[in-house]
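Chains here go by letter, A, B, C and D, matching the order in which they are written, and residues are numbered from 1 within each.
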Amino acid sequence: MKRIAVLTSGGDAPGMNAAIRAVVRGALYHKLEVYGIERGYEGLINGEIKELSVGSVSDILQRGGTWLKTARSKRFMTPEGFRRALDMLQNFEIEGVVVIGGDGSFRGGLELTKAGITVIGLPGTIDNDLAYTDFTIGFDTSVNTVLSALGNIRDTSSSHERSTVIEVMGRHCGDIALYAGLTGGAESILIPEEPVDMNKICRTLIQGKNRGKMHSIILRAEGVEMSTQELAKTIEERTGMETKVVVLGYIQRGGSPTARDRMLATRMGYKAVELLLEEGMTSKAVGVKGDEIIYYDLEEALNMKGCHDKSLMELAEIMSI
Amino acid sequence: MKRIAVLTSGGDAPGMNAAIRAVVRGALYHKLEVYGIERGYEGLINGEIKELSVGSVSDILQRGGTWLKTARSKRFMTPEGFRRALDMLQNFEIEGVVVIGGDGSFRGGLELTKAGITVIGLPGTIDNDLAYTDFTIGFDTSVNTVLSALGNIRDTSSSHERSTVIEVMGRHCGDIALYAGLTGGAESILIPEEPVDMNKICRTLIQGKNRGKMHSIILRAEGVEMSTQELAKTIEERTGMETKVVVLGYIQRGGSPTARDRMLATRMGYKAVELLLEEGMTSKAVGVKGDEIIYYDLEEALNMKGCHDKSLMELAEIMSI
Amino acid sequence: MKRIAVLTSGGDAPGMNAAIRAVVRGALYHKLEVYGIERGYEGLINGEIKELSVGSVSDILQRGGTWLKTARSKRFMTPEGFRRALDMLQNFEIEGVVVIGGDGSFRGGLELTKAGITVIGLPGTIDNDLAYTDFTIGFDTSVNTVLSALGNIRDTSSSHERSTVIEVMGRHCGDIALYAGLTGGAESILIPEEPVDMNKICRTLIQGKNRGKMHSIILRAEGVEMSTQELAKTIEERTGMETKVVVLGYIQRGGSPTARDRMLATRMGYKAVELLLEEGMTSKAVGVKGDEIIYYDLEEALNMKGCHDKSLMELAEIMSI
Amino acid sequence: MKRIAVLTSGGDAPGMNAAIRAVVRGALYHKLEVYGIERGYEGLINGEIKELSVGSVSDILQRGGTWLKTARSKRFMTPEGFRRALDMLQNFEIEGVVVIGGDGSFRGGLELTKAGITVIGLPGTIDNDLAYTDFTIGFDTSVNTVLSALGNIRDTSSSHERSTVIEVMGRHCGDIALYAGLTGGAESILIPEEPVDMNKICRTLIQGKNRGKMHSIILRAEGVEMSTQELAKTIEERTGMETKVVVLGYIQRGGSPTARDRMLATRMGYKAVELLLEEGMTSKAVGVKGDEIIYYDLEEALNMKGCHDKSLMELAEIMSI
């Protein structure tokens, strides 16, 4: 392989820039030419492709968001759009593409694979919702951002002695809620993977109050069946505690990446280059298991089903006694 | 005067604890006895009053929220409740009360004044909506919190090349939006003091886009007539730009106070004690003009009408060209 | 005036970029051509001068340091260097220069003034050591950085029950130590403007210990006669408390500027442009008094002698009882 | 087992409080009585032992330092001191002790083990210098603190176009330097595990300069043979670049723990309780391998020899090309 490209696609995540930098510097170290594709698959179709040098990625390591921009592309799903995307890779003689993004971005990569392009997927999403990897790039930063917001909200919540329901991101995977709730000392955590047990929630709050704890934080992942407003209203009705609501929104997706996310992104980005350098390499998804960078066949990775860590949920409950 | 008390009332604000500490240590330095009243006027009615020492306020300077708790009290508005509050001050022989809070808290203090208690009001509210003082305790911290959130949201907004409307606190006073918007480089700022000029907003965004700026941040104070959702929808319709929404909520009210808020709170808290020590002192509201701690008669302060700083709004517009 | 330039000189300070942006956008708003001079007076001599547009200063508002770089220039002090600097301004037909920096940078500006150039000085230095202005650009950020470091050090200091001497910047002016010490609850503050009273320092620590306070923070500005090491050693000898030392160094000079520093920088930067637009304007130094942007004749400003705020020092002592 | 105790010993680390909380709540959940021993082994000798409840550890999860205080104890090393320590455990009928600390603290625990006490060691130290575990409690927070300081210093370093040598903690283990350097984009990293290659350092800086990079950051762990001052002087002499020095010191040991450190501490603290509940359990050291909480026999753990991760050092070099 002599020429590779890198793109970011789908929702942005802190650490994407660190991954781009690692791919670029890793590639140049190994004497590959490396191109940046802007705006994901949409930019690929439009030929928004530029050659990158060591200096191109200076000063991006610590930045949130993605320097290559990101987009969702409907055209890539059409035969014409897909054809055009392949033409562009052909025009630039790009043989390998590193795709940084989530589930949907990887599926796009799988299509390219079928057309003969080698694709390496890097898990860039704050949601931690890819089953084949323990952690995704951006998750640690997002959890720390939520933790900081939770600290602020606790100040107000305890001063007024009331409950607050905080809604965090996570449609299918409740890991942000689970990790931030456990490490932030939330009194209750609701995730999409488990049914809402309203009795238990109210019981916990009332027992806390009986012990003198006049305020509480309930963390709810957005994918949970019962809405944030409904949850707050029900708590208020069934416990008599004033209950406020905060929806954290996009602050969870930005910010300078933590050391851990930069490390993960750098190691994964470099691994992508190493894989592309191997003779006869086929498409892969790079992940992390424990402290080791691992990879699976791209399609296999996409088909893996995760199950969340029940033991952490139990631990959270024990800690909020 | 030999015995004074301090309470926090209404919405909490970062720096309230620094103010409490300054009142307590200032009072003890001048050989006054000092009491803390918990839960504002409600706690006063309930006799939640405790004597404080130098050590009572150790380690609270840097904390958000209020260590004395806060509450809104309907009972204080009733003749029975008010009578009981006065009885409690009598029981403890408290002659002067430092009230840390906003507009409503000061009005409560005015009632006490009419019954012969000397009240010193300290402006503790993030909203900066008290006309007699340039700044309130908590405002600077809140602006910095919004600035940090705005930075995170800009990462995402620029990566996806879209607009985001951020709703911040401020029902009557748009200062949080104005200061955070000006210092955060928001493309547009909407405050309750000025009518919404939809043409201008859209024009600014389109001109920016024509110059190559593909993303933008619009900061909207909650008191603005047009709702956040409606605003986003209108922008999307009239400019064709994808527009997202974030409501920051209670994260604006918490967090460790900035140096400036701690300084303001400490100076004001000590000034309250100095005023109470003066012979024949009547109720006052403490504020800041420029870099000087000033005070007005409490009633006079409450009757002052502010007008926001139009020059800052103009400056913000010039800077977002 | 049709053509102006802006440069940063001397030690960098957070908010310099916000000031550059305000000068550039303010100038363009008023239809002036505006040039950026890199590396201060050294770059001026070398002709490192480039025209700036609205977009040139995008995305620098929130950055620490100075985008135009800074340097100290010995050549500017020589007749040849100075001549060359004037030639360069002539070549580019630049009639007004905004100089962002401290004392030394202003003196350089004064020389240019004598040669017929209109110079507007903006106080960019963390030290707050310019007597004509209440505050300098960068000071608020620096104080908050020290406060955050002080919080970390207090964690360790209190866990081990020992004293720690923290050395902060400030050769002639102890304001960083004074503001950070007062707002950080330091047990003792040493500034160059006041003699070291070793008895008082030790007495404070021992009295604190007698009241149960087992740890303490002593803040020392670098310009204080007694060295940090000597101070720590003397405290250890005379109180028997284990005493550690931290020299904060350059972390005080960097970081994203606070809201207040950005606001100050933006207002001052725009004021500089307004002054340059006035008919027959002569060289000025822009400052802030209270909440108002003011200015003095440049030479007059340089000759003003400040005296530090003794009342804050007293307040700090009362608060650390 | 019916009665256990927990202590912190040696240098404090962020997350120690989260570990204490997990031990206390885990123990109470399993109906054990749990005691807190203040000031480590020294406090044990002095009988500074108090029973803890669920509420005792409220509001400590997010705090830096250690709520139980810490100390180094010489008396514990003497036969009399050790005897007294055992007596105290006997007096309170404490059968199991959780020791949170580093190498030296574990050795103290080993002595207790030989006298029949079951000891569970939790790795609480920022240095990450215990070979049996991938990570220690406090390491992640410390790396993030260094990263933030490095960002500030880079602002100044790049504005002045000079090099800065930053000294971080790590006497035998260079992990703080390695992780912060790799994730902070340091141009050069020096750790005690590898000899100083002055040629390579200078070559890297000069090559960077030739490519237009006018500033650089060199991270040096304190245990490296060549001193920070000497290193800076040598770089200045051999490259002609102005080189400044910052010694970060105790700011690295404090601060609110990151999500990751709180998670590690919580999981390890709970694991300690689970181990103590097992029939016939002997002394153990709890650690983490990958994402799994593991444990070794205490003595075995102490005898394990680590070797640092050479691949990360190589990765750092590739990234700083």
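Basically, a contact is a pair of C-beta atoms (placed from the backbone, for glycine too) under 8 Å apart; a residue touches a chain by one contact, two chains touch by 3 or more.
What you see is a predicted model, and the numbers here were worked out from it, not measured in a lab.
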## Note on the structure
In terms of mean CA position, the chain most removed from chain D is B
### Query
If you average the Cα atoms of chain B and of chain D to get two centres, how far apart are those centres in Å?
40
### Computed distance of Cα centres, chain D from chain C, in Å
35
## Note on the structure
Expressed in whole Å, how far the mean CA point of chain A lies from that of chain D is 28
### Task
Pull out every residue in chain A that's touching 2 or more other chains.
151
### Task
With chains as vertices and touches as edges, which is it: line, ring, star, complete or other?
ring
### Summary
The chain pairs that touch are A-B, A-D, B-C, C-D
### Residues of chain B defined as touching chain C within the complex
18, 21-22, 25-26, 28-29, 54-55, 58, 61-62, 134, 140, 143-144, 147, 151, 179-180, 182-185, 211-213, 256, 258-260, 262-263, 266-267, 270, 289-292, 315, 318-319, 321
### Query
Tell me, which parts of chain C touch chain D in their complex?
8, 12, 14, 16, 39, 63-66, 69-71, 145, 149, 151-161, 164, 244-255
